[in-house]
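Note that subunit A is present in both complexes that follow, paired respectively with subunit B and with subunit C.
This part shows the complex of A and B:
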């Protein structure tokens, strides 16, 4: 219980500092997002309105509009007041209104994007984890030709940048074989429904981003698993079992049980890295997840949206880390003791 | 002189005894040579359009041309140079931060250690690329040095953590006690006695940091937040993505830069891994 509290306390503190950063960093940026928003409205008015008086704003009206928005986004208040109000709003998950997508609420925008991200990350992580560990163990167990083919493949796939792998996949399956569309998680005309056609459509657009997130993970997991199994198979207990005439398959089962432990702890680290690493994949594929959203928000200097996205990313990462810590402490009691004993 | 010869002999022995080190060093040297002598042997301006768009590889243009009619091989040479440079310099900054933060925390312990460990752990919790994206967007114009600095200050935490745990095991050894008895100051013991004993370890982490920084730079560049005004490997990929090289089927445009990033970081990992086996006898048992 003390272990849990300590861990939870640490994560709460990390979280607090991380979101404070998310609040602080955009404010240090040069440039004035409100001016940009005002200019956009003015430009739209002049371009669209033409002769109509409604589209044309006088200078004082523009000024009033600008001041109105500065007030609405609370940018006129002193910094510490802004900060406290931001922290207070974090508890209710209220990040205000997006500047870029004015007047849509940030929470709404994020609620629209998060499922896409998780729908990509969670299945890719789970499938990649099982496949990677299986293939890694296979390469270590069979050695010989399996190892010579699989191991370089693992290394290569694990080291290649996600988005580049994605380009190659799009090239082979989209351009060359024409099985999948080039980019986009859905067609622009697509409306979601539960019909068979809709599901096929989503799957067609989903497959390539999915593969580009999953494949590097398979490589990374397999490399780790292969090394661990080789280590376990060479250890004393494995040699002893062998001398007793155990079936090799059975020894592998023991080795696998011991080797899987570090692989479980690797999972949260990968989860954290992938949730961030996905930004690039999402932007490259035009996949409408949190990563793309953060990217747009950053480019548009949309303070509330940056805060919301960063909050979400850090929250997912930290919750993932915490859950895995719990799981790990449950699997291996030594970890718990080590953590308490250190202090 | 004697020392240098000994080092050479050791290096040759290491290369001969470890095929992995051999392969890693060969690939990495190839790219260093490409970046260094490439521009002399292949003096083509990577920015100048030659009015032949999307040419597949030919004797005049070994890797064809891009959609603006620029030579891809020339871009690759310049891109490799800047990617290596950025990766190397960022790794220098990250390693210094990692050594100082991990070393001071581990050696002195107490409140300093608690504080530094906390900072390290927080950095480890926050997704690096998300932080990088936000930081990089500050600057409308990003010189290579700004990018190097950003990569440096986001790459150090894992190294600090490892250095700290290494120090914890080293600082209870006899030679540290001897140094203390000689009346050396703590900082002097840390930097003159303890850290030199971890040199192999530090070099290995440094190599790893280069690989990480090169890959991070490529990721930033690929989404348009890399250094502005220069060509890096990630930048070539960026152009290939923006101008939809895949739609034209221009494989010669997007495959080489990505392959180079992969091979460079792979070769660095192989070197790192081989050194680990040479210096850490426990790792030798598993091939």
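This part shows the complex of A and C:
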């Protein structure tokens, strides 16, 4: 229990530091989001807006407009008051209203985007984890041609950044071969239904982003598992089992159970990295997830939305890590004994 | 938040089977939005973040700007506006206009829409610009309004801009919304009721689908638009959207691309079938090198004008138009800003054109600098002033804005030829904005529009520091203060830009302004292009073109309504194929119906639960938002104390 409390305290502190940075860093970026909002409002009223905007509003009208929106988003308050207010609102998951998507609340925006990110990340992570570990074990167990072909492939995909792989997949399979659409979750005229056509349409759009997230993970897990299996197969208990005449497949099963432990530890770390790192994947594929949202929020200096997105990413990461710590104790009896021993 | 997540992922609960939408019935538009998502459901034209492409087709304006002839097309209005006297403008409405809920649209709705930004200046709507020059607007009867200009400060161009750009909204709905929200900008109008030919069918975070309203009042006057569905999808950038246009995933898009000619092979059409593809007479953007006149005068004093004049002769505008602006623009060699073929050609002063046409003449540029005693005194290839100050200029643009970047690189090359050193800085947008705000540049690429109801008065705004021009909230990037230009503009504002009788006086005023521009050179014009819109002809034809020259607008502009009523399907819609024969037994039928009902029922229940939990979380949020800053501080202090107590009791010292 003490161990758990200490873990919880550690995660709480990490969380606090992370969200504080999420509050501070956007404010250090050059630029003024309210100025941008003001100019957007002014430009919206005239044809050819943006660079072609003629000045129709007077200086005092623009100044009043600007000051209104500064007050509306409480950016006229001193920084320390803004910070304390932000912390207070974090307890209620109230990140306020988005600057970019006023007057929609940040929680609503994130709630709409989160399922898309999770729908991409969770299956890709699970499939990648299982596939990667089993392929890695297979390569280590069988050796020979399996190892010569699979291992270089693992190395290649493991080192590939998600976004680079995403671009390659889009270019080859989307643009050149035209086997899959170039992006988005479905076509503009798509109609939701349970028909086979509709399911195939969604899966076709899902394939490339799924592969771009899954493949690097397969490679990383496979390399790790391969090395761990090779190590375990050379350990004392494995040699002893072999000398007793145990079937190699049975020895592999024992080795697998030991080798899987570090892979389980790595799962939340990967999940966290992927969750934050799939920003570019979502932007490349036009997937309406948290990544796209964060990208746009950063470009637009939408402070509340940036804070909300980072809060979500950090919360998912930390909760995932904490749950994995508990799960680890469950699957590894030695750890469980260690936890109980502290009592 | 969890419940909202669950419902956010599900498609909108289908209480009825969703409509099947075929590509042949749908007109799909896009615009470069930076992201493929539409995170907010917002259809209030007077809320700052609602994009006009979201609600185009739902709302309408009194007039549409005729950007082919520089005129006005009555839309909700009936006939041209009439000046009863110099300061009173009367507009009649069509007598049978009504909202999509059947309520008649009357003068009250129009006046309400015009007055709304007065009560809520935070909307920043275009009608706000009108009010400093208007005393009042009143309804004479249900279908007639009168606008009374301020006699001390009339401004007719701005009034016309408002007539063409102000979206008319239903008073009976907005008045109720005003009671619920402290500002009308908070009203999302999630289920919009407009007067336009389209109604909202579905909103999703990746697209907005509108369906044609076959009872539209305007069908009597304009006919029904051919596209049954109007779909909007955001795009992540020009590259993606150009590709979608080529692949016929979208039908219309406004953005520049270096390969416009190549895209015609894929069925994309423009105004012209040849360069410059756009019609530069429809002067959407007059491109220029805009000087920071304040800094130039400070750095170079009396020599600033000579340097600017030399640059005017040093640049080859044909190459800038061809390479800098991808052949979409045509050169502008005189400072009038108006092409001889334009309907506004009467504003060109022939004297100015004769005396101040800046042809590409680097020798003349060198001669001007030599005569001003600006010479290369140390042999480094860069000219210096008599006091030794080197003539170096810093020019800035935004990284990724390829036309601006190319134009700046060309400026550098041309200026180096005549001994002026130019440093080009491609900056991130926020950094560029900061530099413009602080005035840390000597020159920059810029663009101004002439082609809107503001006309030449609007074009001169870049030189009038009383009216902030993007991206500044005060002043203009030209940092040019000239009271004569201000006086000319104020005088121009008294005249109707569409009135043939006003042409003579407007031309005289324009000539005075052009002379100031030609001699002071606050900017050097380079080239001009028309609206950079491309259309896909695979599914829809009848787009505006040189062969079919009717008034048009980009996807978010009122003029797009005029495009919609001109479109026709590219091919007749084939009858739907006969459904495949399925052997349907009663048992199978019952099972399928039960499954469908169960799915719909689950959708509805989840949605209901989601709504209830969302309401609950709203209540909790509003309740707990009452936690004051002081309470939060107390909590943090208590936690720290607890930590200290625990640590001390354990015998350690707090770290």
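Everything that follows uses one rule, which is that the second predicted complex is superposed on the first by the 302 of 343 C-alpha atoms of A that agree within 3 Å, B and C clash if a C-alpha of one lies under 4 Å from a C-alpha of the other, contacts with A are read in each partner's own complex, and residues count from 1 in each chain.
Methods note: contacts are C-beta pairs under 8 Å (C-beta built on N, C-alpha and C of every residue); 3 or more make two chains touch, one makes a residue touch a chain.
In this text, all values refer to a predicted model and were calculated from it rather than measured experimentally.
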| item | value |
| --- | --- |
| Partner chain(s) touched by A:85 [first = subunit B, second = subunit C, both, neither] | second |
| Residues of subunit A touched, compared between subunit B and subunit C (which is higher) | C |
| Subunit B versus subunit C as contact partner of A:310, first or second or both or neither | first |
| Which superposed partner A:295 touches (first subunit B, second subunit C, both, neither) | both |
| Which of subunit B and subunit C A:61 touches, first, second, both or neither | second |
| Touching partner for A:101 - first (subunit B), second (subunit C), both, neither | second |
| Partner chain in contact with A:283 - subunit B first, subunit C second, else both or neither | both |
| Touching partner for A:113 - first (subunit B), second (subunit C), both, neither | second |
| Those residues of subunit A which subunit B touches in one complex and subunit C touches in the other | 29-31, 175, 182, 283, 295, 299, 301 |
| Residues of subunit A that touch subunit C when the two form their complex | 29-32, 35-48, 50-59, 61-66, 68-69, 72, 81, 84-85, 87-89, 91-94, 98, 100-104, 107-116, 119, 175, 182-189, 191-194, 283, 286-288, 292-293, 295-296, 299, 301 |
| Interfacial residue positions of subunit C with respect to subunit A in the complex | 1, 4-6, 8-9, 11, 14, 17-23, 26, 28, 34-37, 39-42, 47-49, 51-52, 65, 67, 121-126, 128-129, 132, 158, 161, 164-165, 185-186, 188, 205-207, 229, 231, 233, 235-236, 240, 243-244, 249-250, 284-285, 429-431, 433-434, 437, 446-449, 451-452, 454, 458-459, 461-462, 464, 466-471, 473-476, 531, 553-554, 557, 559, 599, 617, 620-621, 624-625, 627-629, 631-633, 636 |
| Subunit A-facing residues of subunit B, complex | 118, 121-122, 125-131, 133-135, 137-138, 140, 215, 218-219, 222-223, 237, 240-241, 244-247, 249, 251, 254-255, 257-258, 261-262, 265-266, 269, 285-287 |
| List of subunit A residues in touch with subunit B within their complex | 10-11, 13-14, 17-18, 21-22, 25-26, 28-31, 155-156, 159-161, 163-165, 167-168, 170-171, 174-176, 182, 227, 230-231, 234, 272-273, 275-277, 279-280, 283-284, 294-295, 298-299, 301, 306, 310, 313-314, 317-318, 321 |
